[in-house]
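Labels run A, B, C and D following the written order; every chain starts at residue 1.
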Amino acid sequence: MRFAVVVFPGSNCDVDCYRALADVMGQEADYVWHRETDLSRYDCVVLPGGFSYGDYLRAGAIAGQSPVMEAVRKFAARGGLVLGICNGFQILLEAGLLPGAMRRNESLRFECGDVYLRVERETPFTHSLGEGDVLRLPIAHAEGNYFIEPEGLEDLEAHDQIVFRYCDSRGRITPAANPNGSVANVAGVCNRRGNVLGMMPHPERYVEAVLGGEDGRLLFGSAISFLRGEERP
Amino acid sequence: MKAPWRDMGLRDSEYERICELLGREPTWTELGMFAVLWSEHCAYKHSRPVLKLFPTEGPRVLLGPGENAGVVDIGEKVAVAFRIESHNHPIFVEPYQGAATGVGGIVRDILALGARPVALLDSLRFGPLSDDRSRYIFGGVVSGISGYGNCLGIPTVGGETFFHEAYRQNPLCNVMCVGLVPRDRIRRGVAAGVGNSVMLIGAPTGRDGIHGATFASEELGEDSESRRPSVQVGNPFLEKLLIEACLELTEADAVVGIQDMGAAGITSSCAETAARAGTGVEIDVERVPLRERGMTPYEIMLSESQERMLVIVKRGREDEVRRICDKWGIACAVIGRVTDDGIFRVREGDQVVAEVPARALTASAPVYEPPAEEMPEAIRAREADLSGLPRPEDYTAVLRRLLSSPNLAAKRWVWRQYDFQVRTSTVLAPGADAAVIRVPSTRKALALATDANGRYCYLRPRRGGAIAVAEAARNVVVVGAEPIAITNCLNFGNPERPGVMFQFRECVRGMAEACRALGTPVTGGNVSFYNETAGQNIFPTPTVGMLGLVEDLDHVTRPGFVSPGDWVILLGRNTEEIGASEYLKVVHALDAGEVPALDLELEVRVQRLCLEVIRAGLVRSAHDVSDGGLAVTLAECAFASPGLGCRVSLGEELPPEALFFGEAQSRIVVTASPEAAREILDLARRRGVPASLIGEVTEGELSLSAGDAVIEARVEELRELWEEGLSWALS
Amino acid sequence: MRIFRAQAYVTLKEGVLDPQGQTVQGALRSLGYAEVDEVRIGKFIEIKLEAQDETSARRAVEEMCERLLANPVLERYRVEIEEDGA
Amino acid sequence: MRIFRAQAYVTLKEGVLDPQGQTVQGALRSLGYAEVDEVRIGKFIEIKLEAQDETSARRAVEEMCERLLANPVLERYRVEIEEDGA
């Protein structure tokens, strides 16, 4: 499969995503500059984490307006897989490709550390996982406090768009497991069609045991398996 | 105006020397240039003779002191560039920006060598958290490092955080940066090749950070408010772009030299590159991109605007540089050229505003060797009679108090704010004795730690300096690395005071001795003097930045216990030393007593043995004994492994408080399976290293005994005190 | 063309929790300002721009707010304009 | 006691670098707003508080700015007050 890793000025997890996809998962991957307008040769587009445009004004706001986002919109409309991680998620929100917005973490501090996520539904990125599965992945963000108005939340739930929620190690959704104050412990959401996913935790960081975990492979593996047309396990 | 040089911080004798060197009186701009480059910060006037004591050579050293950063060879065609630098004064004025720009500055030093910055560490000292202002500075500094470092995508993987009254008016912020560079791509800050272009890239120049005193003068003249110098504000986004652009530039063969711009901006970077290459440089201030209107040549030359680099480019190939800068959206301009006359000439259009030999600026500052004499109060504190101190009644209660005290409590509150995983290379994150960063495409890894104990250095500077090096080395050894080189940041008070000069000289002497014994040359560093307010000087704080090399990722060892039934072995020996300890501070509010002895020969043997048994695969966990003593060390081993504790017995020959809380040096706790433990003990005997079986790993409880004295508690209960201690102190 | 100075005030919408404001409120109270009932923190963006007249300057700045300066999910904005040097 | 609403505008001092403003200016230009000459970004703090009268409300808020809301080495501030419900 062929992956595009989009590079915005200020992206800093681009290299990590590339390594995870190319070196660990053995896929073809290219860096794609933020001015690119054609993504048609890819199977999946990854918007990596980092601080695009310094996160000035609001995280992801300026990058959300960059030329490549038009291409991402078209790519998604045709059913291509789009994964926004951390800053990439913020960019998808700012570009209006996903509903909601991010506020500063409730602690007002940057938070780096492991969280547990419960898989809430099937998407191409959770293709090989089951509902209720629990993953351990790291977060690293200052603006990951997901917000949406109550009606919006109802709508998200009605359309089953919440893909991951923060939970404890046993999969229970508790306030203590919420690292940033996100509404309803939301850690990741998708569009109605399910092909565009935004998530705050970093799967690309846990793809090798030596780095502290391997649960990230399950996500990338799912996308690859989905793209290959394999059955869900 | 009378003697304007005095307002710029120059002595009359220094002014005379400048006149002599030039054969005339300096122009206003020249005077400003001399004033900054001959400042203590840039010229090391009080420290140079003492710094000569450091060993600086070794088989791995590729570039030593004098360059933007030290560079050592780690094999497989890879070199490591690393350096530590202070930003102490700025954080007192503006904690967030002061710390942020401190990160920015040291990163550019590493960049100047063509290295990719891969890790940051921060060594911090503040006043007590009971003090409002200290709390404010602490919070601001941590978020400044977080805000700037995280944005750059460089993981902050380690450091130290220490609170003490001695730092109330002079908090310290030392930041270390480590970079990787292919051996054959190392760059230097040289203005080589007559006729080549001098280019300035990055941020436009503004009035940031120009020495305040000089602005009071008439020559600067008319309007006021808009000309006042301002605090430097960092732009991490621009720095990130600058990093990427510079790394692309180092690949371009059009680039001859790269130099960062730190203190004294254009003046120091041009003078240094010319002096290193033995050339001259001529620039035109009218070609410098400016952020503010109406800047004088003086201001342009002295501006310390952040996020700028100087690049020396082969003549006619400037477009290659422009193309790369354009791609990353950063400004660049040709501001001058390399000449052959050794002169640093500054023009403003047709007019020459400064014309001085480059070496006069960089290498001709006077050197001072003021008198040094030990402070009587330090002697008194060291010799204080501690024999009458009451014995604790409840040792468990003492341990609880120690674990939740800000200096011994977990620093998670700090490092949770740092992105310590970006670049997916962090094998050991903050929380271990040293951080471990893997080296891509090899089995190797770097182990990194910073260390300094201001109280030790205050009470007995020479030993304190040696211990800083020894402890930093021990910290990298226990994670499975060989200590290979150090950088250092020497934070002291006012060197014109004999007591401070004594501390300085003795600390350096002690560090040098330890470096020789441990085989870790000093590849660079930084001196920060004048950490003095209202006659109150800081504790002498020589921060050591240690670089260790892990030969194989399989050797990486963690502090946490691994499995119940494992044996707990102490390498090194317990002694009756309680002086200068955190225990005395927390329980008796004393900064007093004799500093623990350091036998360098024993230290080396303990470390070698530890590394040997780790590499042989015999060790399950390893942790060195430091602040808080053996009880705190064992508790930390338990905290690092949910569910486990230990049962340890320390004999009855020594007083329990010394056994539990004394900070005797050269000790390491390792655990191993019983069979492996026997081998370790056997090897220790053969190598002549004291080692003893002190207990075993258990489940759930921490149980320590020294004769009749016991410490007994559930690990989970202690863990909470330790994890939350810092947050409690903050709220 | 004339030169205008626009002020865009971007604030959180009514009903959106403002953790930063709350923290500042807490800090003010602990400094002894018990009289403080509520604190909300917003952004204040000053834009210097050229335009034909005030109406078109306002229109341009409002459009900038819609497109970039404010996020409608969370925030609302208000624009003030004055002519430079006026 | 009466209730007042204070607005504190905290902006960077003249000459202090405003990376955020610069970057936003660049973004606005690349969105096609070539007419934008300068962008500076500051904070806008709304405080609801009780006080005897307007003068003492103003005095309190100015003091809060000095002590907490603004850092005088980088920023300056301006306070506006109005009575609530007035």
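Criterion: a contact is a pair of C-beta atoms (placed from the backbone, for glycine too) under 8 Å apart; a residue touches a chain by one contact, two chains touch by 3 or more.
Since we're looking at a predicted model, the values are computed, not measured.
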### A-D compared against A-C, more contacting pairs
A-C
### Query
Taking each chain's centre as the mean position of its Cα atoms, how many Å separate subunit B from subunit D?
37
#### Entry: subunit C-subunit D separation of Cα centroids, rounded to whole Å
9
### Task
Could you put a whole-Å number on the gap between the CA centroids of subunit A and subunit C?
30
### Per-residue multi-chain contacts in subunit C, two or more chains
43, 67-69
### Task
Hunt down the residues of subunit A that sit against at least two other chains at once, touch-wise.
53-54, 56-57, 62, 65
### Query
Touching two or more other chains, which residues of subunit B qualify?
235-238, 329
### Task
Could you tell me which shape the graph of touching chains takes: line, ring, star, complete or other?
other
### Summary
Touching subunit D in the complex, subunit A uses residues 53-54, 56-57, 62, 65
### Message
Touching residues of subunit D toward subunit A in the complex: what are they?
### Response
19-20, 23-24, 27, 31, 41
### Query
Once bound in the complex, which stretches of subunit A touch subunit C?
57-58, 61-62, 65, 93-94, 99-101, 103-106, 108, 145, 147-149, 181
### Query
Which of the residues in subunit A come into contact with subunit B in the complex?
9-10, 12-13, 15-16, 19-20, 49-51, 53-56, 109-113, 138, 140, 142, 202, 204-205, 207-208, 210-212
### Task
Please give the residue numbers of subunit B that touch subunit D in the complex, ascending.
93-94, 97, 203, 206-208, 225-226, 228, 230-238, 291-292, 305-306, 329
